[in-house]
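Alright, structures below, take your time with them.
Next come two complexes built around chain A: one with chain B, the other with chain C.
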Partner chain A sequence: MGLKNNLHKLKLKYKGTKMAPAFNAIHTFLYLPDETTHNGTHIKAADDLKRTMNTVIMAMVPCLLFGMFNAGYQHNLQVGEIQAVTVGFFSPEFWALDNFMIGFWKIIPLVIVSYGVGLGIEFLFAVIKGHEVEEGYLVTGMLVPLIVPVDIPLWMLAVAVVFGVVIGKEVFGGTGMNILNPALTIRAFLFFAYPTWMSGDKVWVEGAVERTNEIAAGANLDAISGETILGTLAQGKAVTHSVADMFLGFIPGSVGETSTLLIVLGGLFLVFAKIGSWRIMLSSCVGAIVMGLIFNGVVSSGWITETSKFYGLMSTEFWHHLLIGGFAFGTVFMATDPVTASQTNKGKWIYGFLIGFLSIMIRVFNPAYPEGVMLAILLMNVFAPTIDHYVVQGNVKKRMKRLKAKVA
Partner chain B sequence: MGLLSKKDAKLITDPLADNNPITIQVLGICSALAITAELKASIVMAVSVMAVLAIGNVVISLMRNIIPSKIRIIVQLVVVAALVIIVDQVLKAFAYELSKTLSVFVGLIITNCIIMGRFEAFALANKPWRSFLDGIGNAAGYGLILIIVGFFRELLGSGTLLGFKVLGDPIEKTGLYAIGYENNGFMLLSPMALIVVGIIIWIQRSRNTALVEDH
Partner chain C sequence: MSNDIRIKKGLDIKLIGEADKTVEQAIISNYYTIRPEDFHGVIPKLVAKEGTSVKAGDTLFFDKSQESVMFASPVSGKVIEVQRGPKRRIDAIKIEADKSQVYADLAAFDLNSATAESVKAHLLASGCWPFVKQRPYDVIANPNKPPKAIFISGYASAPLAADLDFTLKGKEAELQAAVTALGKLTEGAVHISVGTSSSPLAGLTGVTTHKVSGPHPSGNVGTLINKVNPVNKGEVVWTVNAQDLVIIGELLLTGKFNAERIVALVGSSVEKPRYFKTIIGSEISTLIYDKGVSKGGNDRVISGNVLSGKQIKPDGNLDYYSNVVSVIPEGDDYELFGWNKPVFNKISTSRAMTFSWLSKSKKYDLNTNTNGEHRAFVTTGVYEEVFPLDIYPMQILKACMYKDLDEMEALGMYEVAPEDFALTEFVCVSKQPHQKIIREGLDLMLKEIG
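== the complex of A and B ==
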């Protein structure tokens, strides 16, 4: 309690000065505020913004831990230290702590940079604009390390976080006012600014870039590489990973998005905690399946030949699309962002469906942007208010009609 | 500004800041986004627009009393089209590579809203000397923003300024590149130009809150 009391005293001492929001921020970040509202209607609920965000973070922790393990696993697999999971699952090497620690030391800095820079900017804006600090970055800060390649240079991540938080969120008025999902804005910035670090066959495996440089400098080592499944398909090559690998997540990819199993568990947790919208998650999967089936249909009716550059991705079985790439992660953790998604229930169905539908379409038709789900969600973020507007107008019209019928 | 009276000097200084064609009137955005990936192209564009706008303003001002108002837009178009073709030919003759970079955008100076805007709003109602100054001032305000945007886009996007490798060589890995710096490819795409213009507008309005529009 000592810290809380000290913080409280500091807060009183600095009340009304320029730095007051900063002290308030530390105080409310660590503890419940000690004031309550004095008048007006009270609705008593345990879920404030902070707790809502913490629930989402909890849902992501399994993905984070598995991401750490997978980073080490992919590295050791490529170097030849361990055997693939299907063969070597019971071997002691597979369970060695080393697998986890490689990823741990690589990913913890990502988390620290993401939170450090992001919260730093939130503090700065709170002090400059003289309002209380907003907790909006808590979830974004955890999402960001999960959607970047493990080998991304830290300074690039820092630049992208500055861009994403300032341009994606603060210029619109801060938490709750943003049009685009900040985490995806950060990823999109990285993708367009530093494409060599966000695609290709090197960045997804820990140490692959470094090793390429060492080889170029004359070191006697074997090159290591790992292409994502989407990247492989886009080049029209055969995928070597089994469906079980895709579902469990033993595949190269961004840190936290490989394991569909853990994402589904996180998604169920969010649905039962009534924080994530099941309508968006479900309709997004439906949209992806519909688009996948259309493409499968095009292939099976022989409208495109095997020489077509779209053949590899089009002929991918429709349900594989749900397992590979960032689709599951985006659908569960980013499409459902309550600020940027549609607010009406009917709107959520449309919004989710189009995200799924467009994700797969972008994946197939533009192999240069293998991760369609990022662009699809950002696009639908922009359209979400329009969807809501027409849903609300439709409802108004319906009720006007009913009223007219009653009067007549 | 000893040469100019106070009123005339304002014609030049106003569009540079508080009545800037791009950041305040929000005109001429298209070309500001399209050709600012290189500083050199921005400068040439700024000079071209300045030539067209200053001369065009004088021509329109001289004719202002004899143009029937029903067909004034057509007359203005003829004047600006003639001037743009001259500028285009001059560029092709003396700076062929640059005119390639600028491609259609020199021709599209015709559609630059600033030019028709100044003809309509100023040259039709003022004498030639004042119209000339107004043209120089507005084109300078436009060019200033173009050059600022071009500076940041070329520096951060390609690591060069006017073609000089100021940050080191990205292939040889010298200068900043030796410690892992990389060019920001997003800067070379037009959306980033819009964001840079937006940031300039943000800074300008936060320094002079009188410029903030009412909702």
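== the complex of A and C ==
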């Protein structure tokens, strides 16, 4: 094992120098380190943070691949190259190499920018602060390309990643210390800084913005417009996509959020691996369903009329809310981030429920941008410590009561 | 109310190298060493200076802050060396044993007419008191503060633990004498947990027995306390290891301080794991070099179990409280892509490409590799699955780390000992040293609150 020995020698060489964290990050990526336990438990379980993070990434890979096909599919569909899918999930119209290549060349740069910029900052901070490079960004870096519109300019993404990693995480002390989900901080930054690139009907299909510019410059072409289902509903228009399309994911939207089927499979994998919290996923769905039912009830009891601007989204059947927009993706991959979620099991139920509940509420009532998952999760990230505080207080009170019973 | 205790949260760690149920007389050790660090928080004041001849049961030193607590020599012989560390701290007292053992005559004790005071005085003077520990703080019991109850675990659930049903067999008389004496020291009950009804402890009278079942830490005394009568602020409970009851019992019945103990030699590096009859403080080499561990092997010798024991050198000594010596391979080697490849030969509570969930009864050969680097706390809900106490483990650990005494107290710090956090430390994805964090937290509380 020449490589192993050479790397070990290099490790000893770098030990104590500024560059040690950077070298160790690459070294431990190749080899599980030779570190042994000291007093305390002499043996340790097999899991470490790298393995945990890697499992989450594995759960997202199907969404990423689907996103690549879907980016090309939506583009080709709009420009009239191909027909809409007809025969379910395995339609050949969708799983075509043409589609994939368009998406591949569009999305791989997003992934590279996300990881390149984000990990660059992580390495920089690790070297400056002299701690090991932490694994948190491995998941964030994969989440980011999946939650942005496919046409987002790369420089915007880079700026947002810098903001999200530095302000969202490093200023708090790095992985494990942050209050807000870094990936959502990045997305929120994009959303508030460059709203025209994050909403409307021009950003969700590859090439739409470019085509609009060409038309404005006098080219004789058909406009490409791809609106998300939520956008359509918010404007009170009829949705042209079938429920099956929504579930399988043949709809416009952020790169990785469209296929509820693959997200559910990823979620089940995470629950099975005991990495993702089923409590949060389940309670979040329950919360969304409750809110959806309330809105359906408002509509069916005739409290609002069809002319109301909320009618379109309020009358959406409650369970459709689970299939459209970023709800499923947010619930499975972002609300469950253990650092920013509630940390107690009881707290997770409350936290998840409120995320689902608020997501649908914001989705319906936000006039400018008909999606609420991002804001609901960020809001609950802020409240998670408070929820935990009250859950833990329950345990503390029990102890106090026991003491009082003794004294009395 | 049933006295049975069944826990569901926990983890049985099944390892290769369980001891055969045969007892051998260990080779008589020439030298015995007592290390004051075995007694947490004790500042020793030496009585037997270098060159003194002592009998088994004679006082070696006492505790400066609690002068009535005497520490006895396990053997008769001559104190040949007092090893000192920085600031003249006593690190170890080395005794060269006599060829034939002489016991200090402490006289048999009449239990029937004994009072709490006389029992206490006898145990203190004879050197048996250090076997009695207390919670809060997991230190030797303060003899001046009577406990609300006394807890003894008669069921060892830790990985490769010595089977107490086997090692205590035939010692019923000593056990009974010891628990009768201890019963006089508390107004409450003496609670004993047993794994099976055939345990030598199951038939004792004057005690409350609890049958415990479920995965480790069902046999930890901390679990028993938490389920039966948790410690509140201002209260004290005492705990005694079941094997030490034998020494206390023999002292009461015969007047001899006989530090003999049956010890299991276990672990995957041991050629023939089995039980030995040996004496506290004896050299480990007397156990491990005959059909034990191959010389020059890259192994770790632990006095105690693999979760909470102390690492010792192969020429080290059996510590004061352990009845297990574990030897496992060191894991100081790299593993290519060890962090992402599927893992079949290590234990995990997750299923993140780890497959120990497939075969529940498989025994593993684990080494001392940490399987990853130290990180901040990230994952949640993992500790709760292996932690049966009604306490929030991560929250209390964090309270210890930022040294918030009020919060530590509120979250239940009076109830815990480091060993209660051994399993959470084992499964910790961030590889945090939980037992050390708890120990330092307890020390801080002891110092600040007392």
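By definition in this document, the second predicted complex is superposed on the first by the 381 of 408 C-alpha atoms of A that agree within 3 Å, B and C clash if a C-alpha of one lies under 4 Å from a C-alpha of the other, contacts with A are read in each partner's own complex, and residues count from 1 in each chain.
FYI, a contact is a pair of C-beta atoms (placed from the backbone, for glycine too) under 8 Å apart; a residue touches a chain by one contact, two chains touch by 3 or more.
Note that the structure is predicted; figures quoted are calculated from it, not measured.
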Contact breadth on chain A, by residue count: chain C or chain B: C
If we overlay the two complexes on their shared chain A, which of chain B and chain C does A:Glu122 touch? Say first, second, both or neither. neither
Mind working out whether A:Glu206 is in touch with chain B, chain C, both or neither, as first, second, both or neither? neither
So, does A:Glu371 touch the first partner chain B, the second partner chain C, both, or neither? neither
Across the complex, what residues on chain B touch chain A? 180, 182, 184-187, 189, 195, 198, 202
Using the touch definition up top, name the residues of chain C that touch chain A in the complex. 13, 15, 159, 230, 232-235, 300, 302, 306-311, 326, 328, 330-340, 343, 346-354, 356, 366-382, 384, 390-392, 394-395, 410-412, 422, 425-431, 433-436
Chain B-touching residues of chain A, taken from the complex the two chains share: 153, 155-156, 159, 167, 171, 189, 192-197
Chain C-touching residues of chain A, taken from the complex the two chains share: 4, 7-8, 28-52, 54-55, 132, 134-136, 173-177, 272-275, 277, 338-339, 341, 343-345, 348, 388, 392, 395-396, 398-400, 402-403, 406
